[in-house]
Amino acid sequence: MASFINRRQWIVEWGQCDPAGIVFNSRFFEVFDQSTWLLFEAALGVKPHELGTAYNIVGIPLVDARANFLKPAKFGDVVEIASQVAEFRRSSFEVEHRLSIDGELAIEGIETRVWAAHNKTNPEKFGAVAIPAEVVARFK
Amino acid sequence: MASFINRRQWIVEWGQCDPAGIVFNSRFFEVFDQSTWLLFEAALGVKPHELGTAYNIVGIPLVDARANFLKPAKFGDVVEIASQVAEFRRSSFEVEHRLSIDGELAIEGIETRVWAAHNKTNPEKFGAVAIPAEVVARFK
Amino acid sequence: MASFINRRQWIVEWGQCDPAGIVFNSRFFEVFDQSTWLLFEAALGVKPHELGTAYNIVGIPLVDARANFLKPAKFGDVVEIASQVAEFRRSSFEVEHRLSIDGELAIEGIETRVWAAHNKTNPEKFGAVAIPAEVVARFK
Amino acid sequence: MASFINRRQWIVEWGQCDPAGIVFNSRFFEVFDQSTWLLFEAALGVKPHELGTAYNIVGIPLVDARANFLKPAKFGDVVEIASQVAEFRRSSFEVEHRLSIDGELAIEGIETRVWAAHNKTNPEKFGAVAIPAEVVARFK
């Protein structure tokens, strides 16, 4: 079954580029993070800052992030971002971001995140818990 | 005569906020910079990355920047940005950015920039030159 | 009476520079903020993340920030930073940062901050309170 | 044969942390990048901004970056960074960054970079070229 894809556009800013005139690598990880929040908002119908309350979780912390830089992005480039959850596991999931410029894939990002809740016996701590089936269903 | 105002919207991202849960101050200066590029694009009809070529300038470098933080901006806040050139002088100008949340002014920014071109006798250097009347006219 | 000055060095990073090859303006405001934390640590002998607890305050939030860019800073430049409280008022103060490269003043920054504590009747809110005389004394 | 390791310390800044009170993920990629420049400076004895001229290259652009977040880093944390080239291939190499807090590994980063030079027949373009043996030798 096809996965829910959220699409958005990003126009590269001057301050996001380095002396080589291309987007500095860390900026893509900012873009991936925000794209994940927007993907969840689109799929779940819940505002990012209300996600914790809506599902009784601490959040969806990142445990692993990767990017593959195929082509550079330059100041003024119009970048099309397509984000989806590539895989749901019991308490973790993979978010895939594909960034294209002029119809060509330029940067790929993959984030591994966990569905994290406060520990019931020790509320100061939190850890990965099972992702509700209703959440997974919304991404299909 | 009323000045040309460019309006845009900024939705505050998670990664732009600090441990107090509010936008970290340096982020506003990123927003001001990008807002100035977009103001010039809207007024002049020239893409930001083509501005130098279109007017035979190096750019519009910043010589002074200020921000006044009246109310904090939080993750998920929808910020309305209104940007305009508050004053044109011979070779410099003031850009004013007013950021509002829920209809209330939250942050004010003022940038002083110069219209900078390469030095004719020494192309390695550049300095402030007179702003063309046609440019000034576009902001009215 | 001379004011306490904290000095530190900053070597400009590649990722802090823009396509013009110079430090992007917002980066200076990151540097000012960190310089203020380090100034307070040096003057008060309290680690930045323990400042709130040590003085029963929420923090020292920024209400106004300004920078004057006299000379650009480039990748690899060794920037000498001298920070001091230029003025203490009842509940607010001005921090001045002077950034020099090769012995010449390159960038000046001024931050206006407040000494902020939780409201006694409504702990959800906070506001500016009088700066303790012992704190002011440490900066002389 | 053991690989050359460069060590440095990073004290986590307020502005590098997010509303969860921990370092925002993109900041680690800034730290990795700067750590690579410093590793090369230490191994080769060449200032980062002189690397291109010294070896007749465009630079060492990033083609892939990964991070594994084992433990969070918080404001004020003293992070020990150990960086080394984990592998040299013909024209590309892997840089490994290990970030420890209180003696425990907290974040691992791996960057894949290429040794890039201008194309001899078309100087507008550049591509990966063989890494000089003398460069590889300096990292042993």
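The chains carry the letters A, B, C and D, assigned in the order they are written, with residues numbered from 1 in each.
As a convention for this text, a contact is a pair of C-beta atoms (placed from the backbone, for glycine too) under 8 Å apart; a residue touches a chain by one contact, two chains touch by 3 or more.
Values in this document were obtained by computation on a predicted structure and should not be read as measured data.
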item: Centroid-based (C-alpha) most distant chain relative to chain D; value: B
item: Copies chain A and chain D touch via same or different residues, half shared test; value: same
item: Cα-centroid distance, chain A relative to chain C, in whole angstrom; value: 33
item: Approximate Å spacing (C-alpha centroids) for the pair chain B, chain C; value: 24
item: Separation of chain C from chain D, taking each centre as the mean of its C-alpha atoms, in whole Å; value: 29
item: Contacts with two or more other chains, residues of chain B listed in rising order; value: 14-15, 20, 24-26, 30, 33, 75
item: Touching residues (chain side chain A, partner chain D) in the complex; value: 20, 24-27, 29-30, 33, 58-59, 61-69
item: Chain A contact footprint on chain C (complex, rising order); value: 14-15, 17-21, 24-26, 75
item: Of chain C, residues touching chain D in the complex; value: 13-15, 30, 33-34, 37, 47-50, 74-76
